[in-house]
Every structure is written in C-alpha cells, then in structure tokens.
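Quick one: the structure is below, questions incoming.
To keep things simple, chains are lettered A, B, C and D as they appear, and every chain counts its residues starting from 1.
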Amino acid sequence: MFDNFPLWPSRASTAAGNVDALFIFLLIVSGMMTLLIFSAVIYFAARYRHRKGVLAEQIEGSTPLELTWSIIPLGIFMVIFTWGAVVYFKSRTPPRDSTEVYVVAKQWMWKLEHAEGQREINELHVPVGRDVKLIMTSQDVIHSFFVPAFRMKQDVLPGRYTVAWFHATKAGTYHLFCTQYCGTQHSGMIGNVVVMEPAQYEAWMSGGSNGPLSATGERLFAELGCVTCHRSDTQGRGPNLQGVFGKPVLLADGRTITADENYIRESILDPGAKVVNGFKPVMPTFQGLISEEQLNALVAYVKSMSQPAGGAKTSTANAASGQPDGNQVQ
Amino acid sequence: MATATTVQPVERENYLNKEHGLGSWLLTTDHKRIALLYLISITFFFFIGGLFALLIRLELLTPAGDLVGADTYNKLFTMHGQVMVFFFLIPSIPAVLGNFLVPMMIGAKDLAFPRINLLSWYIYIIAGVMMLHCIATGGVDTGWTFYTPFSTAFSNSKVIEAGLAIFVAGFSSILTGLNFIVTIHRMRAPGMTWTRLPLFIWAHYATSIIQVLGTPVVAITLVLVVAERALHLGIFDPKLGGDPLLFQHLFWFYSHPAVYIMILPSMGVVTEVIACFSRKRIFGYSFVALSSIAIAVFGFLVWAHHMFVAGISVYAALVFSILSYAVAVPSAVKVFNWTATLFKGSIHYDAPMLYAFGFLGLFTMGGLTGLFLSSLGVDMHVHDTYFVIAHFHYIMVGGALMGYLGGLHFWWPKISGKLYPEGWARLAALIVFLGFNLTFFPQFILGYLGMPRRYYEYPPEFQVLNVLSTAGATVLGVGYLLPMIYFLWSMRYGKPAPDNPWQAAGLEWQTQSPPTTFNFEEEPVVTWEAYNYDEIDAGHKQEEVKVVG
Amino acid sequence: MSDHSKSSPLVTYFSVWIALLVGTFLTYEVAKIDLGVFNSAVALIIATTKALLVALFFMHLKGASEKLLKLVVISTIFFLFILMALAMADYGTRYWS
Amino acid sequence: MPDTSKRRSKLSDSQAAVSPHEGLHNPGLLHHFATEEQQKDASNLGMWIFLATEVMFFGGLFCAYLIYRGWYFGDFAAASKSIDAALGGTNTAVLICSSLTVVLAIWAAQTSRRALLILMLVLTMLFGLAFLGIKGIEYRDKFVEHHVPGSSFNFEHEEVPGHPGQYANPRHAQIFFALYFVMTGLHALHMIVGLGIFSWLLYKAWKGAFTPRYHTPLEIGGLYWHFVDIVWIYLFPLLYLIDRHP
C-alpha cells in the first residue's frame, strides 16, 4: 500500500486536513518570502556587480522601511499563530462521548486496551467515523504517540496521563511511531493503526475480550478493599465516588479542582495530596502495589460510575462488544 | 587607508613569530594566540563530530539496521550532537574569531582579562578530554538533550561523565562571554562610540549576554541530573514524585538561547563581509545592531516551543508560540537589511562573499521553517521528526557554520599573514552549498512524511530520500575537507598577505598582517563611522568625518 | 569610595548591620505566627529588603557612579523572573480544564 | 593626523587612554589597561557579571524549589520543620556579621589601617568557619535522623503542620531534602571558595599590598562574599521557615 517514494503523507483523520491546510498556507507564505528575498539578492548581486570606476552609492537606512518590514511580517506571523492555535486547540480537546482507549507505553512496545476490554499490542483497531480518545501513560521513560496519517502526536509520560484524540476518516493501515527517544529499540517501538469500516470493526470487536475495562476495575475495587470505605449506600470513611468524575471537587485546603483522569490517578497513588473536604487523610497509597493496567481499570471504573445508564459511550460499547453494561454498580 | 597605526617595522615582528616554543603558546595570554589554540581544538572536535555524522548517514542508507548496532547508533547521534553543539558550534565563532577580533576591532591591546581568557581555553580542554574519555570508554546514548527520566534512571551509558564534561565546558563559555562584555564596555579606544562599533561587536555583545545568563542554568540542571542519577533524589523522577518536564523547562531555558549563541556571531560575520564586498555602509545600522540585542532578549522567552506536545499546559503553549513569532521579527529585519545593503552596491564575488550569500539563502530557509515549528498546529505533526532535524541544521550548519567559514576566509590573511587560494575557496563554497542542500532538503520532506528523528531503522518507503541525504553528506564532507587542506597549504606556500587585502573598513585592517602582540603600534583614535567604504573607495582617507543621518 | 568622609560610611555600615540582624530576628518570629498565605509573602519581603540593604550599602550599588552596574543587576533579576514566570505559566495552568 | 578633539565624544563608560603615562608609576597596572581607573572598573564590572551568572545558577534551583513547594506544600512544611531553625537563624546572623567585617576591612584599607584590615579579614574568615561548623552540625543531625536522600532515607509518620493526623509523603519530603542539600551544599561550597579567596587577601594584606589607592582585590572579593550572604538571606526563610507556627 505504500509507494516507494511518497511526497505527501496519507490523510486519514479530520485533523489531517486542518494541519495540511495550515501547512500549505505556510508553504505559500514562506515560499513567497523566499522568492522575494532570493530574487532581490540575485538581482542586486547581478545588477550591482563591481564595475571599474563605478562606486557604491551609500544609503544610511530608512526608518519607515524598517518599520514596514517589521510590522508586515509580524502581522503575517499573527495570522499564522492564530490559525495554528485554533488547529492545536481543536486537537487538544477531545469531544465528549469519545470511545476511549487506554494506552500504556513501555520500553519498547505499545499496550492498548479498549474501554470495551479488548487488548492489543503495537496495533490499534479503530472504526472509521468515530471520535477516539487516548488516555496514555508510560511505565518507564517518556514516549510519544505519533500517527503521521492522523497528524497527531502526544508525548506519553510516566506518572501521569496525557490525552489525545482523533477521528479517522479513511480505512487503511497506518504507521504508529514512537517519536520521543526512549532507548535502544526506540525505532522498533512502532506499530499500526488499523482503521476499519464500522461493520468490520464490530466483527473484530466481538472477538475475545475479558469484559469491559470498567468491569475489571470493579472487581479490583472490591479485591483491593476500596469498596469498604468508598461506599455508595451510607457515608463511608472515603467519599462516595458516584457521579464524581468530571465534576468539581472541594478540597480540604479550600481549593476546588475538577475530578479528571489525572486526579483519580493521583488520589489512588498519593491519597494525601488532594484530600476531599470533610474527609481525613487515612487512605493508604497504592503506589507500587498495582500495575498501570490495573490503575487504568480502576480509573475506568470510577469514570463509569458517573456515566448515565444508556449514555452515548456505554451504548456504543454494548452494541460493539455485546457485553452487558459495565455500569452495574447500584 | 592611512592612519597613524600602519607604521611597519622592517622585520615585521608579529604575534606569531615573536616567541617560539610550546611554552610560549600554552602559557600565552595574547588573545590572538588563544584564538589559534581554540581554532585547533575546535577543528579537532569538528572532525570528530563530523565522523559521527558520516557514520549516522551511512547507517541510514538502508532501512534496516546493518552497519552498526542499535546502541552504537544511539550513541553516535548523541555524541554527534553533544560534540558539535558544546565543543564546536558554541565556541566556534566567539572563541576563535571573536577572541581574535573583538579587541582589535575596538582598538584594544587585549581582552579585559587575558589570564581568564587562557583559563577558559584550559577549561575547554579539560572538558574536551573528559568528553573524549567518555566517548572512548563507551559513550552516552541519551540524545544530546539528556531527557529525564531516561538519562537519570534508565540509560546504561556514561551519562554522568558526559554531563560533567558539558558542565565544565559551560564555564569556558561563561568566561568568554564575561570577558567580551567587560572588554566591550571598558576597553574601547577613544572615539569608538557604541554607534561606531562594527556590527560584529554588537553581535558578540548580544551573544555574551546569553552565554552569561543562560549557561549557568544548564550547568545547574546538569548537576541535578548527575545527582539524580547517582543518588536517586527524585527531582526529575516521576516514580519519586518529581516532574520530568521540569528538566525540559530548565534544559531549554539555556538550550534554546544557545541556538542564538551559535547564530548571532555568524550574523555578525556576515554583516562585516556583506558591507566589505558590496563596499557599503550597512543599511539600517542601528536596526541591525538592536535586532541582535532583541534576539538575545526574546531568545529567552520562547524555550517551551520545544515542548508543545510534551504535556505542558495548552495555555502555556499559546504564550510560547506567540513569543516565538516575536523573536522571528528581528531575524527577518536582519535579512531584509542585508538584502537592502546590496542595493546600489559594488559587489565583489570573493569567497567570503560567496559564503555570505550561502548564509543568506540557508538562513532564510532555516528561519522560515522555524515559523512552521512555532505554529502550534503544524508542530503537532512535525515535532521530533526529520523536519526539525532539517530546520536546525539549516540554522546551525547552513547559518552558523557558513558564517564561521566565511569569517575564517575573510580574516585568514589577518590571522595567518598569508593569502588562501581564491579559486579553491570559491569551489569549496559552492560544494558546501550544494552538498548542504542535498543533505538536508530531503529531510524536510521526510519530516512531513512522518519519519521520526533518532530512528536506527525506518520503514522502506523513506529510503529514496535518505539515500539522497547520505549522498549530500558525502559531498558536504568533501566541501569541509577542502578548506582544511588549503588553509594548511597556505600557511606554508601562500602568498604573503598585505595589511588590508580587501580594502576593508575596521580597525583590525589598519594594523599589520599578522598583527603585533599588542595589536597596534599606538593606541588608535577613532574619528570615523563604521563601514566608511565611501571614504576608503574615494581615497579621501578620512579627511572629513561623516555625520550619521 | 575614597571620596566619602571618614566617619560617615561607618555609621551606614553599622546601621545596616543592625537592620539586617533585626530583619533576621523578625523573619524568625513572624514565621511562628499563622498568617496563612501571607507567611511566605512576609518572609520574602523581609528577605528582599535585607538583600537590597546588602547590595545597596555593603556592595556599594547605591554609590556606583554609573548606571551600568544597576543595569546588570536589574537585567539579571529580569531574566530570573522570566525563568520562573514562564515556567509557572506552564505549572500554574497545566491542569486547567 | 586624526582630530583629537573628538577623542572623548560619547564615551560614557570607557575610560580608555586619558593619560597613557600615568600607569607607568604603578606596578599593579596590567599592560593592556591605560589607567588604574580603567583596570578597576573592568574588574568591578567583571565581578558583577560573574555574580549575574551565579544568580542564574542558583536561579535554576529556586525555580525547581518554587514548583515543588507549590505542589507538595504540606510535605515541604513537614520536612522544613524537621530542620533546626535556631541553627539556621544563628548562621544567618553569623553571615551578616561577616559581611560587616568585610566592609570594615575595605574601609580599613581605604584609610590605611593595616592592623584593622588584617583583624577584619581574620574575623571574616572566623565567621565563615563558624558558619560551616554550624552547617556541619546541622548536616550531622540530618544524617543521624536518616533525612539524607538515598537508600537509607526515612521520613515515615511525620505529621504535616496544621493537619493533625495527616502524614507527609516521604517521597515528596525527599525532594525537599534533595533541594535542601543541593542548595545549602552549593552555598557551602561557595563559602569554602570564599574562604580561599580571603586567605589570599589576608596574605596580600599581611604583605602590605593594599593601599588607599589600590585595593581592588578587596572590593572584588567583598562583592563575592556579600553575594554569598544574599543567597543565604533567601535560603534561610525558604528552607527553614516554611510553616513554623504551632
């Protein structure tokens, strides 16, 4: 499917068109600037080459001219900046109701786990025409998730989540590269993103799965004893986690923060850092006791407690995987 | 130009032949001799770094990893970067041409602190020996950027040795910058006002500000990396509560301005060369001067554009993106002013001018592709790909190195007292220009196609462009060997150089070639503006002092 | 400094010395009082005052005839501020949503 | 001949070559300077610029400190409370006294009081040594308490000030101690270098090298000493007094 000598990368996501348009605009602008400067240099160099008896004409300079060629480029730069910022913002803000995939990077492989429970290594299957949000973390060093055909790149850091998203538009197999140097087999940390037509994707999805990630998380929640304090019926020693995700939380020190993936992650690993108002800092840390995958499952479970039954995401998950609703807590 | 300073003794005693023996070189405090010590040392490191580059390009000839092992390849690009950046480019123009010329251009006998100047060379040599020892005993594989936590907790190579070598090298750079700032403030000859300074001096002044204020930050950052690696403090280690991005902030706070340490002096050289070979005063002198300072100051405000996809706040990314465009303006102003200087000039095509033309072309392309990278939207795609590699090589090799070579040719008669062979020099300039473009232009395309940097193996569809690039690197290598050969040749066989072979303005041309130890027979008194080519060419010999408009 | 009269610098030096000691004592005592977020602010204000006293009088920045030294100090502080402020631009807003 | 009437035009900060023969009288004048004034101004400016690099050197650490203190305030406060603030406060006073003796030394040189000059230099060095001694006691305490980052580090069950029942996260406290040791360690290293400089100054003063006309090395060394004092003035509240109220 690859040509031997491509000059333009394939375009397979909604973001690709935006980035390409900006890139082409930049090519035109800088091409014109280059043309202007080069032709002036070449013309002057030829026209005013040294001739015997002809002296150079001294010119001191010209403030209006200096201002002109400072302000006009600055204006053009501001256009580029604004355009770039818009494209960037769009691609940094995952739409609500995206299908979620948890990504764990390690030297030197990509481990991907769909919210529906499918696990993959170095290969990610996604359907055409759906927003896919990647919740990524690393087990060791910094990696970077790069799919050239999607014009999408995000570093994957140890110790926290970073988020990226895309909306594939064309079926096919595309390169997945690690672009942050990560050691010996950095160039071997590559894989494929397989974009499938929805029907094929459903078929693929119905293959083996251990049940939705949130269900795994729920089992862990019970096994690790979280459920004894974080109760949903009566007031436990820990806050009730029903409906917490995505909502503002008032902390003991008076600050208010939004309960996002990173907050849940931090609260499991470093419970004392941001204690909810009205609770005592009594929770033990799970740092070093659970793997990144287990952590992801717990995060997915806490998130599922805030999902309205029959919400967009869960319904697609059900439809796709044929699994029972992961949202069965109550 | 006749001034009181061109009295020539019959024997032509000069700084080269005044004293003999190794001791007279190793204990010298003469800024010109120290410049030559630097010239020899950085040339050595240039060829070490160049050798690594050649091996990298050979490995990338085929998609599979076949020439060297993966770990070796990783060490090659790491040490190529570290050697070229810290041991060649940063000292290149300031420590060689700047050291030689700054005192002469302002009419001083020496730098303000000659012994500190010698000390800075010794520090450089100590650092260099440490780096060579590190290379010889296994090398380092972190990438020249030392990103944590890979460097502090995962790499199995000599991170501490390399970090300490670069830490030490930093002090050499700081002392050079400190010496220049004090010299430019305190040692100017009578009449050498700020507006009469050659723009080379302005460029070096701006460079020195960065060296003095930026280098200490990378020094302390490397101390923390070394301490973290040795003792597991947790400052950059997320497992212990640290933030790996803090390392990147501190590292780029220096390492982005460091690019301007490389390019600003080169801009200074090009300004001198363009003025001389178009026989004109530089168009918009004060704008060119102030743009150097503006680049130095704005250069400190943009570092996180290396981190747009690293996981920083999107709001911070916006701030750093818009500030990055601010630094592009003074660079553009310089290019426009150089172009305007050519207008109605009387242009000669000697080798230094060919390098200056080359600089103009390559720097323009390097600068404009910088706009792509500081655009948040495009950077998401091209960050950490070959697009970045191509961009910064256009700046650091196409810009800084072209300027360095141009300057070396321009001042070679003054430095060595001999003329280099002009025909060969023009040929070399042409070969370097063509070889450079063949090497690095394909990498822009590779980058947009998505080929990541620091890849030992790559998908086969990228091969054609990589082969082109490797072919270019071979041509480029020949282009760099040529000057090395004919400069050495000219030292023995070259024609003796007159005091002012280019009929150039500037105090350094008004003393003999090579200069005496104290540069001038009598302290010069400056009564003319910089770049008074009209007076030189009209043969008026400074009868009237020109008034600035 | 030789143009100063013989006794006046001593008076200055000793007054500055006393002020610095008082400042140290004050910092130490104020830290024991709960001022909430203002504890850090007060500590930094006292520290900066002390640093200014040392720079202006002991390091003779005040008497320096030319503006250049002051420019060096101010620009250094400016770049230090840039380092911290722009780093905080990231750390302060990283988890905004 | 050039027009010499324009010699000094616009030369606001260059003292070059006012009277080229004046220098012949002073053996301390280096060959490449025209006047003593120029030499002194150059050394002075050089030292200030060197101090600027020092500010940025410590600045990187202060930046790291600022960020982690914001992130882990409670842990930092708990760790800070474990250091003996009285020792730190005493050390601040000791350094302030040493700064006084430095200015008095320069004053003594300006007024040709050689005995006083030597006394003040000796006192400065004694204060410097006292500072390092107290620092040593502090370090020993930290070592005994296993508060030195590394494999034997232990900061379990230390309460966060103002939050009874909440224990500081040892990993975050370790970051505090790492910064504490790097910052105070580098500061102590600067003190040791300062002591070296002052021994040399003492030797020169003993030899009678300093006169009211020539005492630039004293002023330069003094600038360095005062700077090290200023760094400590910031380190003291930032490291020792984060949250001390009961």
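What we mean here is this: a residue touches a chain if its C-beta (ideal position, glycine included) is under 8 Å from a C-beta of that chain, and two chains touch if they have at least 3 such contacts.
Predicted, not measured: the structure shown is a model, and the values here were computed from it.
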Maximum centroid distance from subunit C, chain identifier (CA atoms): A
Chain nearest the overall Cα centroid: B
Top-ranked pair of chains - ranking by C-beta pairs in contact: A-B
Centre-of-Cα separation between subunit C and subunit A, whole angstrom: 44
Centre-of-Cα separation between subunit D and subunit B, whole angstrom: 33
Cα-centroid distance, subunit B relative to subunit C, in whole angstrom: 37
Contacts with 2+ other chains: residues of subunit A: 270
For subunit B, residues that touch 2 or more chains besides their own: 185, 213, 217, 241, 245-246, 249, 253, 314
Contacts with two or more other chains, residues of subunit C listed in rising order: 68, 75-76, 79, 83, 87, 91, 95
Chain contact graph, described as a line, ring, star, complete graph or other shape: complete
Touching residues on subunit C, where the partner in the complex is subunit B: 68, 75-76, 79, 82-83, 86-87, 89-96
List of subunit B residues in touch with subunit A within their complex: 65, 70-71, 74, 141-143, 147, 149-150, 153-155, 238-239, 241, 244-245, 278-281, 283-287, 308-311, 314, 317-318, 321-322, 325-326, 328-329, 332-333, 335-337, 339-340, 342-349, 357, 360-361, 364-365, 368-369, 371-372, 374-381, 383-385, 445, 448-450, 452-461, 463-465, 533-534, 537-538, 548-549
Residue ranges of subunit D in contact with subunit C within the complex: 12-13, 44-45, 48-49, 51-52, 55-56, 59-60, 62-63, 66-67, 70-71, 85, 89, 92-93, 96-97, 99-100, 102-104, 106-107, 110-111, 162, 212-213, 219, 222-223, 226-227, 229-230, 233-234, 236-238, 241-246
Subunit D-touching residues of subunit C, taken from the complex the two chains share: 1-2, 6, 9-10, 13-14, 16-17, 20-21, 24-25, 27-28, 31-34, 39-40, 43-44, 46-47, 50-51, 54-55, 57-60, 66, 68-69, 72-73, 75-77, 79-80, 83-84, 87-88, 91
Touching residues (chain side subunit A, partner subunit C) in the complex: 257-258, 260, 262
